[in-house]
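Got some structures for you, see below.
Next come two complexes built around chain A: one with chain B, the other with chain C.
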Partner chain A sequence: MPSWQEFQPFIVTGLALGGVYALSGAGMVVLYRTTGVLNLAFGAVGAMSALIAWDLINNSLWPEWPSYGVAVLFAAGVTLLYGVLLGPALAKRDALVKATATLGLALILLGTMSWIWSDKARSQVLPTSTHAFDIGTVAVTWTQVISFGLGVVVVFGTAAFLKYTNLGTAMRGLANDREITATLGVPVRWVEAQAWLVSGILSGVSGLLLSDLVGLDAVSLTFLVISSLAAALIAQLRSLVVTFFAALVVGLVSALATPITSISEYRNMAPFVLATIALLWISRKREISFTGTGLGNGRG
Partner chain B sequence: MAEVEASKPAGTSQAAKPGLIDRGLGPIFRLERGERIRVTVIAVLFAFVFLVLPGMLSAYWTDVATAVVIYTIVALGLGLLMGRVGLVSLGQVAVLALGAWVGARLLFATGLPFPAVTIMTGLITMVLGSLIGLPALRVSGLYLALITLMLAGAITVVIAATDFPNGGGGFLGHTDATTGASQIRRPAIATGEHAYFRYTLIWAALMFALALWHVRGKPGRAWATIRQSEPAALAAGVNISLYKMWAFALASFMTGIAGALLAGSSGTLYNLTFPTQDSIILLAVVLMGGMYSLWGAVVAGLLIKLLPALLDSWGLPPDLLTILFGLGVIQVLTTAPTGLVDQFPKDMAKLGRLIWRAVGSPGRRAAGTAGPE
Partner chain C sequence: MKRYFGSKRGRSVTTLIVVAAGLSLVVAACGGSGNKESNAGSVVDNPKCGNGNGQKPTGSPIKIGAIATKQPGTDFTDGENAAKAYFDCVNANGGVNGHPIQYIAETEQTDPAQNAALARKLIETEGVVGMAGGFSLIECDVNHSYYESKGVPVLNAGIAPSCWASPNSIPVNMGPRYSSDGAVQAVIRQDVDKIAFDQSNVPGTGYIAAGPKIVADAAGVPISESTDNVPIQDANSVAVRLTQQAGPNGGVILNFTPPEALKILQAAQQQGLEDKVKAWGCSTPCNTDFLAQALGAKWDGKLLVNAELNVTDFDGPDSELYRSVIAKYGQNVTGGLGSFSQMGYLMGEFMTNALETVKGDYTLQSVSEAVFNLKNQETDILCRPWYTGKAPLHIPNNVDWTTTPDSGHMVQKEDCFEISEDEPDIAKVRQIEAADPSLTGGAG
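Now for the complex of A and B:
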């Protein structure tokens, strides 16, 4: 068993990762609550925007910040476009069908990425990673600070936004009952488009941060979304605050397993195992009704 | 008409003409005319693929054909789960990897004949796959799909750490040294490419028979009821837990068989054989092929294994296919839920009518009745 000293750097890594997972988890939960779509292409969109930034900086020799801006714009644009084009067509379908359709988008993006950039592993160092400071004996980069801080700000900011603004109220209304909210005069498509846009921006930002924290590889970034999905699932796709803490746990458990050699190879299982246990615990009381079987049908 | 009848989910067409299959293995001439034609077409097709096709193919294309057959079996299992019972599993490729691992391990550990090992692999994978299906008893729909995705992720992590057996010692049977590694054996009667292709074809035929037997029998009717409405199934006295587990067990059994066949076909297994995105691609091709018909599995097998090889031979990047499958998923879900097997003949009929109208009666086309429906 490694000593406490050896664990310290991994606590920082874990918190940073957890922050990004919370960021993307919040993006997925808000979108799911508003539109009923669980966006499984979230990671693919983020991966592609990270690759676009990398390409602009390294091949087109653009300055860094405009490249990141374009990357986030791309993520927002693609997500919004998908939502506006396909959202209405699938609005009345089961949550499973909506989620499966986003897998289609994920495949399109995966194919495009592997076509343009091939499957080579790259690294992307954000300018915030070149500066570090020490906490005790552990060096902390600004990217890690931003990842954790952004997670906190976004999760609690979004929670406040949903609670106190008109748009937020409309989104919560949609989450409860689409038909009634529409009857009350809420412009459903407009509110949904806002949710798609916000979720797209968050996917772009988390894609960029993860490309620095984990590495720039299309497939692994695409599937890293499963880790934040695990956090969102533990929160039953409802509570943003629970998503935040679950994301921290997922990030910390995976990172802290790294120095323990006997389980190090299996550390990536952490999100899957945690989410499966959580789901089984949540669904321990099963109800069958003609409107749906509690979990699984409709919006959970 | 016969095709349309076939592509309907079980239960609807069966309820209309009970007894047809319940008479057991009745002589073929007692079947209805449409059925008789279909049986004949299938028999001729199978004979062609079994006897003539291997002779026309080079070793490379025979390997491709073998892969098509193996993935057809996997698609058949997933198609049964999705189309018949309405359970979506995003982890079938992980189950296939599990099957291949078990198959390879057994082939190295025992001297048992290949068919015995294949069946044992199917049974072991069935038990393991049913464990994955266990949550299906409690959750359904989106949450079940996500649990299977999570468990598939976990299996992938474990297999990435243990690697595949290659003749090494210990429980894992993997050695990093090149000297101790050896090839996974094939059945004594089918060591060559052509023979092994025929061998997998026979297994595929058996799996189709097994699927058909299930779909047309009591399980098929129970599954159809569960898919339509769980409360209704419960009220009708269908044991929901039993039949859901049964479906998962059957799909895992088939996938395990496919895994053992894949182990024999490849000789050496790598993690790269089962990339993470393949689970999604498999779901895509099953949806595109058509999950309500058993033929959909054949189309799915061709899509996932023949098309990449074709593109490769034409010098096109195989990534185009991933994009195409992505578009296919969206297209199927928005406009054509029955998939290619059902949609293609309809579209062809439509096209035929269009051409007929354009060529045969230009006067009517001018009158503005070009759109048939």
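Now for the complex of A and C:
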């Protein structure tokens, strides 16, 4: 078992990754609560935006920050476009159908990335990673600080936004009952479009941060959505605050398992294991009944 | 709340974002089209291969076959494509004794039954008289018995252990195990007191890891071995773990594909870990300019990469011909200049050299005999002459360079050195070479 001192760097890496997972998880939860869509293309959109930034910087020789801006705009645009074009058509379909449709977008984007960019080694070092400071013996980059800090700001900022603004109230209204909210005069499609837009922006920002923290390749960035999804599921796709803490736990457990030789190989299972445990715990007092119209959950 | 939906301001913002997204797609598509590796080093406009007479061959075609892996995430067809580029060059220069080479390149998706069927199709249905240019994850393991039963020598670039353990498999590369050995040797020469060896968690890791352990144990250097699932999702943590395992006077060795190795090295750099150990090493896949460009100057001279083949911009006649052939005939070589296309080029060149020695008809027997007689194949792409011969196993590429990044390119760091004879099969090969020095250009 490693010593406490040896564990310390893994706390930093775990918190940084957890922060980005929280960022992504918040985007997924807000979108799901507003539109009923579990966006499985979140990671693919982020991956493509990160590759666009890399391409603009390295092939088109654009300055870094405008490239990052275009990348986030791309993520916002493609997500919004999907939501505006396909959202209404799928609005009344089952949640599973909606989620599967986003998987289609993810596959299209994966194929496009594979077609445009080969699987050559690339790196994207954000300007914030060129500076680091020490906490004890642990070097901390500003990207790690920003990843964690942005997770905090976005999660709690979004929670406040939903609570105190008109748009936030409309989103919460849609989450509760789409039909009733619509009859009250809330412009449903417009509110949903805002949710798609916010989700897209968050996927773009997450993609850029993860391309630095994890690496710039389409597949791994696309499937990092699983860790965020686990956090969102632990929060039952409802609470942003629970999503935040669940994301931190996922990041920390994965990181802290790394130096422990006996379990290091299995650390990628952490999101699944944690989500499974949480869901079993949450549903421990529920009974499954097969009455009435079919399968239903009854309170025990 | 209606003001959100119907306002002009709202519509214009949405329109702006949609337009920007469209523009982004266009920009990305345009930028991505130029991702082919740039040709470094001299080239000639009209490379001369084979007879070099510029005439069109008029004889009956000589059929050569190959099998390479092509599936999502693993595309080894650049070996075949580069071999074809060499054959096209030969065909544009008179062919072989007036015969054009007809290349039949198959692809497989790591399905054993498919591999077995393809080998039989090539030899029994297509009637190929030789096999060269193959590069597969499993083909050696699946088909080596078949090739042995047919007496067909296969010039390949291998991954599976059987590639270096069959009398009929003759690779131009040495594979991940011996290349990792070479990286371990280079790092041990830096006087490290411990080694942390890490590789991707894929089938065959036990076979590969056994090599570095043998080499490290023989040198009296403790070694810890680990695997990581790919794609790596927590490179920062992996980098920290490896530097902790190696310690301040230790060395870290990576056996990953370039993108995965890059993740770990970049994470180490960002966390200031590159100087926390004495040396960093990597097996052959890291020997690519793409990695050097992506890493940046901090790793110049610091990362020791085992190189089974020479740097692609080497100033030598065969390296120049290789670059020229790829430039003129290698339109399908998607990876451009690099280890994979170097291997394919060599397989094409060596097979052509064998074909040129055939007297009479080109049959499976006559070509097989010619291939088995290849010896002293000089090329500046390998450390020393390559050979085949009739032997229970073939590891003709067993002497390597060490390269290192330098200003975005890989350059030679150490001159040619022998892979350790502490490896049992390397020791056997050295005995074979000692028994017949003419194989590698010595007095026979």
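Some points to look at:
In the analysis below, the second predicted complex is superposed on the first by the 281 of 300 C-alpha atoms of A that agree within 3 Å, B and C clash if a C-alpha of one lies under 4 Å from a C-alpha of the other, contacts with A are read in each partner's own complex, and residues count from 1 in each chain.
Methods note: contacts are C-beta pairs under 8 Å (C-beta built on N, C-alpha and C of every residue); 3 or more make two chains touch, one makes a residue touch a chain.
The model shown is predicted, which means the values in this text are computed figures rather than measured ones.
Of the two partner chains placed by superposition, only chain B is touched by A:86; chain C is not. By the touch criterion defined above, A:272 lies against chain B but remains apart from chain C after alignment on the C-alpha atoms of chain A.
In the superposed model, A:95 makes contact with chain B only, not with chain C.
Contacts of A:135 after superposition on the shared chain: neither chain B nor chain C is touched.
When the shared chain is aligned, no partner comes close enough to touch A:180: not chain B, not chain C. In the superposed model, A:219 lies in contact with both chain B and chain C. Judged by the touch definition given at the top, the superposed model places A:241 against neither chain B nor chain C. In the superposed model, A:160 makes contact with neither chain B nor chain C.
A count of residues in chain A touched by chain B and by chain C gives the higher number to C. Common to the chain B-facing and chain C-facing surfaces of chain A are residues 219, 223, 265, 268. Chain A makes touch with chain C in their complex at residues 2, 6, 9-10, 13-14, 16-17, 48, 51-52, 55-56, 59-60, 70-71, 73-74, 76-78, 80-81, 84, 116-123, 125, 129, 132, 139, 141, 143, 166-167, 170, 185-187, 189-191, 193-194, 197, 212-215, 217, 219-220, 223-224, 227, 254-255, 258-259, 261, 264-265, 267-268. By the touch criterion given at the top, residues 1-2, 4-6, 10, 14, 17-18, 20-25, 27-35, 37, 73, 201, 226-229, 231-238, 240-241, 244, 257-263, 266-267, 270-273, 288, 290-291, 294-296, 334-335 of chain C touch chain A in their complex. For chain B in complex with chain A, the residues that touch the partner chain are 88, 135, 138-147, 149-151, 153-154, 157-158, 160-161, 229-231, 234, 275-277, 280-281, 283-284, 287, 317, 319-330, 333-334. Here chain A touches chain B in the complex through residues 38, 86, 89-90, 93-97, 99-101, 103-112, 114-115, 219, 222-223, 226, 229-230, 233, 265-266, 268-269, 271-273, 275-276, 279-280, 283-284, 286, 288-290, 293, 295-297, 300, going by the rule given at the top.
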